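Labels A, B, C, D, E and F are assigned to the chains in the order they are written; within every chain, residues are numbered from 1.
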Amino acid sequence: MFWNSFSEFLAMGNHGVYVWGSVGVMMIAMIVEPVLLIRGHKSLVARLKRQLRADRRTLSQG
Amino acid sequence: MLKLVRAIISRDLRLAMRRRTDIVSALFFFIIVVSLFPLGVGPEPELLRKLAPGVLWVAALLATMLSLPRLFADDQRDGTLEQLALAPQPLGLIVLGKVLAHWLVSGLPLALLAPVLGLQFDLSNDALWVLACSLLIGTPALSGIGAIGAALTLGVRGGGVLLSLLVLPLYIPVLIFGAGAVDATVTGLGAQAHLSLLAALTLGGVFFAPWPTAAALRIALE
Amino acid sequence: MLKLVRAIISRDLRLAMRRRTDIVSALFFFIIVVSLFPLGVGPEPELLRKLAPGVLWVAALLATMLSLPRLFADDQRDGTLEQLALAPQPLGLIVLGKVLAHWLVSGLPLALLAPVLGLQFDLSNDALWVLACSLLIGTPALSGIGAIGAALTLGVRGGGVLLSLLVLPLYIPVLIFGAGAVDATVTGLGAQAHLSLLAALTLGGVFFAPWPTAAALRIALE
Amino acid sequence: MDKRLINWFKFASPQAFYPLAGRMMPWFWAAAAVFGIAGLYVGFLVAPTDAQQGEGYRIIFLHVPASWMSMFIYLVMAFWAGLGLAFNFRLSGMMATALAPTGALFAFLSLWTGALWGKPMWGAWWVWDARLTSELILLFLYVGFIALQSAIDDPRRADRAGAILALVGVVNVPIIYFSVKWWNTLHQGSSVSLTKSPSMAMIMLWGMLLCALACWMYAIAVALMRVRTIILERERHTEWVRIELSSKE
Amino acid sequence: MLEVSGLECVRGERRLFAGVGFRLSGGEMLYLQGRNGCGKTSLLRILCGLSPVTDGEIRWRGELIGKLGEDYRQELCYLGHHNAIKEELTPLENLLASARLADEALVEGAALDALEMLGLAGREDLACRYLSQGQKRRVALARLVNERRALWVLDEPYVALDPAAIELVAGLIGAHLQRGGLTVLTTHQAVNITAGTVRELRLG
Amino acid sequence: MLEVSGLECVRGERRLFAGVGFRLSGGEMLYLQGRNGCGKTSLLRILCGLSPVTDGEIRWRGELIGKLGEDYRQELCYLGHHNAIKEELTPLENLLASARLADEALVEGAALDALEMLGLAGREDLACRYLSQGQKRRVALARLVNERRALWVLDEPYVALDPAAIELVAGLIGAHLQRGGLTVLTTHQAVNITAGTVRELRLG
């Protein structure tokens, strides 16, 4: 292991803001995108199922 | 009265949401124009910092102006404008509603975005703050004055370009005080005076402009 | 083949002459945008001389772009575009004719006017001369590339601004080499290399662009 | 038509691709996680300090993969779009649409990490040099593509119009890549090349490659996920979607 | 209620008509006829106050319409060559928006009924740009279903409609006349309106 | 000469029609009927090759129109809902320009005669923006006077025309059929064409 202490790791030789700013935003982006996608997919499936059920009901009635 | 203005605003906002790309694209136009200048002028930071207020304001002005031709043209083409002119309320109020809606979808987002672009030009925090304020205060005047031009050039051949010809000279005071406010901050003077003048222009523009606009619309309909 | 291109050009020129305000106003737009900058930036001659190539080229670019939305929209609205698509000749050729006509009424006058405006910025004779040349060589590319954007956004919601969003990034190389040529002259380097690259862009733009444009038009008509 | 072609057509149909994508997705997620952790481990815990740039250089492990991906995704997107335009495969248009937002995201991340790197290294968030500018143009092209497609309601027309734009915009990618060669600028030149020996320390190179692989896997997984949603949305009136939906009940 | 006398219309250097006059009271319809370009549209626009009166008088309830201004427009419903609908909005939104702008109360249910009556059921939520020519016209005409203003001015309402729709619109106009309303209408097709009194006026 | 079989049209999620087929040979006219929105305009645009064929075949002189391309367009004359005239140009200029773009020789004298025939004498040099609705339609229809292509596809040509003009256009179509031409036409009004053979097709 290359670092002496955890705080040194965090400080990144005085460039902590920049390094962790990059890492943070990239992490957030790469987590948020799939989460949004999963939510979108789920809500689409739910909507389509609702429509499907409505279609069936009208079919069985008429 | 207020109900009518609200009805107009809500209809125009709904139309704008339906064509959401309109708003987004105006913003991107703003971003792109601002980014074009450094490309044409060269990358020296010292030069860019001096340019920044002028460039940002001119770009905001052009972005607002681009959306002006459609302010009434769509309504005219499909006959809605005739219906509005035949509505039992004063046409000026209807125009006021349309001006406010126009500002909400064009001026407001520009003002909120401008500070981010200012970073590209290496502006100080104070200057960024004044930039946003000046745009927030100044852009309603652009919508108001622009409405007059849009109404005057309605259905006129070569409307789009003629419109900018009419409107840009009237925008010059807004530009001077707006860019002046930022410039004053950059050079360390106060922006107070410039901003007050800008506010006066806006009040005048928004509440006075609808009436000549209404008159121009009636003429366009004859 | 050539007859068709000629027929298109002559029709479009006749239309342009009928709405002569279009041409005049594009020129005035150019003049006004160029004159706005000294207002926004301040009057130091040294600064202005550095700004000149960038500002003039950006203004030329915006002026060309303003007239783009109408390149095909008018034809579509009144049904002429369907007729053109049903003409027995390849649609690409018809587009080529329209691109050339567009350049004749938008690019050419700009190039001829630019040196006069350059005087305001205190440019040397050499620089003025190169400025006119670069515009003369570069603006056809603007018309060609712009046609693609105009066709893609035809009949699309929020067309006008979306168009600038699509087209401006593609204009950037033209801008860089165009302004670069003038800049190189101002700083004493030769403009030769920049101008050759510009010519290459133009040849590519004018002869390659009509085909994607034609494809986009067919899609818009479906 | 020979047998291989038929096979191709089978997977070029959304109906066949939908379950296939569903089955492939977890593997790509797993690979992305493994490569990502390995890459970050190498980059942040093993790799030594850079002599000139100090610790700030560690941004390279994010910046370079993001930049590569933004360009590469554009090429792939244009490829799918062109395929759809030429042969009218329904799936290829959907693939192009699915890739665009991820590409835009990587272009944004490249700009973001680059800006955060530039402040300590060059003293400015942003300079107007050729590579930075052309990367910005790339972001604009992505946004233009997305805006154009979302402005057209008919998905078939949107696909075809988008395809033309994507193909026209392809010229930008080589410009970005070679910009450092054609203009001498502030930005670094390529340090990974096939012909010359790597000019970076071996360990850094490994870290970068691992991170790049992780981004690659991530991009594929996300694109598959998005394309599944698009397929369902566009094919919602077909029989197979009905069956698919009711089988999940 | 509506009295017109000595009306003249000049376009360019051409006098389209002069000395046109008529009176219309509640329950009466004026059926304006004439070949293409004889000035029917011009006359209707003058009646509405959209174009200025060069010579002659138009009185509504005894007063000049120029003087009445908003009070006149409050009682007027005009439908021109253009449909006055937004291509981006759906038929339902169009109908609600135009009612709101005309300061009329129209609830969603009533609007939906009106659209269904005009055969647009199933298209309420489709943007108008996709509608066929005749369907667009129907959306514009759906306004008439709940329209209770006294004077309807309709410029070729039947254009692009199929026979069933024409019947329907004729029915709407008939009902309006029976409620005591006034109508001024031009068309090149047969009017087949049986209710109320139909007066004819031929221009040119 | 024109054979259509198994044609289908889908718009959005709606199948407008399917399995439409007909054959038309020289001197015959297809009179397309159907209520608003049943897909007449869509069918005509597919026939012209403006919209793609999703299912079915269209053959002209035995060959698929997609394959024929320009050779097919050379024999086709389409007139849509829109007039395809420029508001800034005069009727004369419009007529000459559209002939030139269609690669037809038309001298000024012939164009003037055509305009006069359609009752536009005295308006040849007035910009089209000033014309009345019906006059604009007449300018568009003036193209047909000297049109000698084999297949005419006309979408509601009678809209906005007065009865005299309708008679005239019907006469033009009749003459075309007698010369051995083909016509596909939709309208919601009576066609009253006596020459040639009229086949009817009802959609929806």
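Note that a residue touches a chain if its C-beta (ideal position, glycine included) is under 8 Å from a C-beta of that chain, and two chains touch if they have at least 3 such contacts.
All figures in this text were calculated on a predicted structure; none of them were measured in a lab.
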{"item": "Chains in simultaneous contact with chain A and chain B", "value": "D"}
{"item": "Chain pair showing more contacts of the two, C-D and C-F", "value": "C-F"}
{"item": "Maximum centroid distance from chain F, chain identifier (CA atoms)", "value": "A"}
{"item": "Numbering shared by both copies at the chain C-chain B contact, with half separating same from different", "value": "same"}
{"item": "Cα-centroid distance, chain C relative to chain E, in whole angstrom", "value": "45"}
{"item": "Whole-Å gap separating chain B and chain E, where each centre is the average of the chain's CA atoms", "value": "37"}
{"item": "Interchain centroid distance [CA atoms averaged], chain D/chain F, Å", "value": "49"}
{"item": "Chain centre separation (chain B, chain C; CA means) in Å", "value": "25"}
{"item": "For chain C, residues contacting two or more additional chains", "value": "18-19, 157-158, 162, 165, 168-169, 172, 222"}
{"item": "Chain F: positions in contact with at least two other chains", "value": "12, 81, 88"}
{"item": "Overlap residues in chain A, where contacts from two or more other chains coincide", "value": "none"}
{"item": "Interfacial residue positions of chain E with respect to chain B in the complex", "value": "48-52, 70-71, 73-74, 76, 78, 80-89, 93, 97-98, 100-103, 127"}
{"item": "Chain D - residues contacting chain B, complex", "value": "124-129, 133, 136, 140, 143, 147, 150-151"}
{"item": "Residue numbers on chain F that touch chain E, as the complex places them", "value": "11-12, 34-37, 40-41, 81, 119, 123, 126, 130-135, 137-138, 156, 159-165, 188-189"}
{"item": "Chain A partner contacts - residues on chain D that touch it in the complex", "value": "44-49, 54-56, 58-59, 62-63, 66, 101-102, 105, 108-109, 112-113, 116-117, 119-120, 218, 221-222, 225-226, 228-229, 232-233, 236, 241-242, 245-246, 248-249"}
{"item": "Touching residues (chain side chain B, partner chain C) in the complex", "value": "18-22, 25-26, 28-29, 32-33, 36-37, 39-42, 47, 50-51, 53-55, 57-58, 61-62, 66-67, 69-70, 156-158, 160-162, 164-165, 168-169, 172, 175-176, 179, 183"}
